[in-house]
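Next up: some structures, all given as structure tokens.
One chain, subunit A, links the two complexes that follow: it is found with subunit B in the first and with subunit C in the second.
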Partner chain A sequence: MTRTLKIVLGALAGVVVIGAVAYFFVLPQFVPYVFHGQTIQSNQAAPSVELDGPNGSTVRLTDYEGQVVVLYFGYTFCPDVCPITLSKLDRAMDILGDKAEDVQVIMVSVDPLRDTPEVLEQYMAHFNPDFIGVTGDADAVDRIATVYGVYYEAAEGSEATGYLVNHTATVMIVDKDGYLKLVLPFEGTAEEMAADLGYFLR
Partner chain B sequence: MKRHALFAVVLALSLLAGACSSSGSDGIVVDDPWGRASPMAANNGVFYMTIEGSNVDDRLVAAYASVCGATELHQTIMTDGVMRMQHAETGIEIPAGGEAVLAPGGYHVMCINKDVEFKTGDIIPVTLTFEKAEMQTVDAEIREG
Partner chain C sequence: MFGSRCSIGLRFTGTMPEYIDRLRCRYWAERRSLNSRKLIWWIGIPGVLLVIGVMAFAIFEPIQVLPRIRLSPGYLLEDQAGQSFTSEDVRGDIVLYTFRYSGCGDECDGLDQTMIDVQRRLGEVDMGDTDFRLVTISFDPATDTTEVLTAEADAFGADGVEWRFATGEEAHLANVVKAGFKVWYEEQEDGSFSFDPTLILVDGWGVIRGEYEYQTLKSDADKIIHHLDILTEEIRNANGAAGLAYEAAHLFLCYP
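What follows is the complex of A and B.
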């Protein structure tokens, strides 16, 4: 091997190493984070509507300033979609580890007739002891749903089910200042939810 | 020649599938029946499974479990992010040689007014009624998920 060839090869190797460092370590810092849902630039902060929480408590979404709130609208009568979502959120909390302390998962019941605070408390605890369920009169639930663009409507069921509730099944992330920032689809994974939550917790 | 080899493989596999069948001559095979762990506070439970069809088109028309006050076949339908549960009143199609998939977010057996907690590891017998094939009872294992 000639001396010139050695120098050329050495220089090439140097370029490759510098390029790799730039690509894997420097560049990502300038690339914006890509979310797994629909980002929302909401100009409406969390409403101070009073809802019935666990143990006779009154819950207002404004109480969670400084925490990232994961808001889900569902009901305990729902056997498929709601438990799937709550299980995924529990796994997302596992992935977040200690950081999950700054996250509050809240399910707002779209079935206030059947979901009493007691039922919700036991139901949510099955998924994660830190999750809470809230309910309220139809007017309070309507107001919350409207703010977050959630649709829900009772639909006639059978003799056995009575009625079922059709509802928006997305997962909403509300930032530490109470603004809705991200809407995640039902199909999202626990890993994606944890990654997006991590962004708002940084 | 290749076609014969393929045919032989298909035949062998079908025989094998037949041999594994829990239903015997009906040819309908139920794979991996399971239910989701669910607390007492949840009124309802759910069962899922994959049903492999026989050589004729068939339908799952009903399911029964003694722990359920009532049992219905349902389908979760997602339209523009809105979830709706539709009662599959005419049953669930099991095409000949195909399969019916009952899985989270799709078709499922809804167990209404269950009278027990569904605990991980529990086994709950579920009896399935088909339009043509003989009725069969499968053991659904309760899991997280």
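What follows is the complex of A and C.
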């Protein structure tokens, strides 16, 4: 092997190694993170939430400053969408591991007539003991749901379920500083939720 | 500059081994200096180019985006046909909202004309697969019954699909219009309303992308058509590398 050939082969090997390092380790640092939902860039804090929580407590969004809050609007008689979403969120917490300690999942009931704080406590514990459910009078729930872009209305159900409640099924993420940052669609997976939550937990 | 071992000049002094040692020292010191200069070029030039690129992006705005201001409210209203009309019915569509009441007369002329102009000029925008809707919400449900809304809609040629007139329960309307859209209105003693004439542009995700509250030299219709152009361009380029560029534009606040 001639000296020139050795130099050329060495240079090629160097280019391949440098290229691989740049592609796999350096380039990803400069590519902006792509969320799995719609980001919001409001300079105003997330609309306030003050509703009845477990054990007679009052739950306020501001109680969770320093934590990432996942807000979801659902109800305990919900036959499909709510259990699926809460199960995905529970799976997302598993994926996050210890980091999940800095995440608080809150479900606001859009069925305040049937969902008392006690009913919500039992229901949420079924998915994850750290999840909490909140409710309040119809006016308070309507105000909060409305400003979070959530529509809901009672609809005909079956004898077993009683009336149903049609509602917006998006999941909202409020960052550690209390700003509403992300709206995730119902179709999102647990892995995608965990990835997005992980970004806000950095 | 070459370190303590090279501080003596290269003039031949001392023994031959000492002189050779000084020459070697000088050689490696110059190599190190050369490498440092190369390193500065290799790191410095790309760094400067990167900074210039970012500044150019921010100044010349090759990609423009509309800000994602905040979530538009969820609502359950009733339209001019007496049908239930919800925020979910227009999810995925771009919607232009305005807020008025049937008794407002001349005060609403500007708002109404803007809605008509935007609808008339929609052909100027390449909407692609995205639907565009106009929604006029009345905050006077006591007067603006289904019959009144139907008459109003007919007068403006609102077909109930592309352009809907709607109203709802008083308390819910307050949550939707005042708390959600942040449009102020107040009933006066004589039954009329004081309000801020406002148009609001919402994207298919239900995120407010434009608020038009103050008349400027450029008409609201001109601004809205321009903004629709920007918004639909962003929707068309939402995926892949172009999508990343648009996200970067949001970071650098390339707002029109």
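One rule holds for everything that comes next: the second predicted complex is superposed on the first by the 191 of 202 C-alpha atoms of A that agree within 3 Å, B and C clash if a C-alpha of one lies under 4 Å from a C-alpha of the other, contacts with A are read in each partner's own complex, and residues count from 1 in each chain.
Everything that follows uses one rule, which is that a residue touches a chain if its C-beta (ideal position, glycine included) is under 8 Å from a C-beta of that chain, and two chains touch if they have at least 3 such contacts.
For clarity, every value in this text was computed on a predicted model and none was experimentally measured.
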Partner chain(s) touched by A:P32 [first = subunit B, second = subunit C, both, neither]: second
Subunit A residues touched by each partner, larger count belonging to subunit B or subunit C: B
Touching partner for A:T146 - first (subunit B), second (subunit C), both, neither: second
Partner chain(s) touched by A:H126 [first = subunit B, second = subunit C, both, neither]: first
Contacts of A:R114 with subunit B and subunit C, given as first, second, both or neither: first
Touched partner set for A:S158, first subunit B, second subunit C, both or neither: first
Subunit B versus subunit C as contact partner of A:F186, first or second or both or neither: first
Subunit B versus subunit C as contact partner of A:T168, first or second or both or neither: both
Touching partner for A:C78 - first (subunit B), second (subunit C), both, neither: first
Doubly contacted residues of subunit A, that is, touched by subunit B and again by subunit C: 151, 166, 168, 183
Interfacial residue positions of subunit B with respect to subunit A in the complex: 36-46, 69-70, 72, 74, 76, 78, 81-85, 87, 104-105, 108, 110-113, 144-145
Residues on subunit C engaged by subunit A in the complex (per definition of touch): 67-76, 84, 86-88, 171-172, 175-176, 179-180, 205-207, 243-244, 247-248, 250-251
Complex contact set, residues of subunit A against subunit B: 76-81, 83-84, 87, 114, 119-123, 125-126, 151, 155, 157-161, 164, 166-170, 183, 185-187
Touching residues on subunit A, where the partner in the complex is subunit C: 31-32, 34, 38-42, 44, 47, 139, 142-143, 145-153, 166, 168, 180, 183
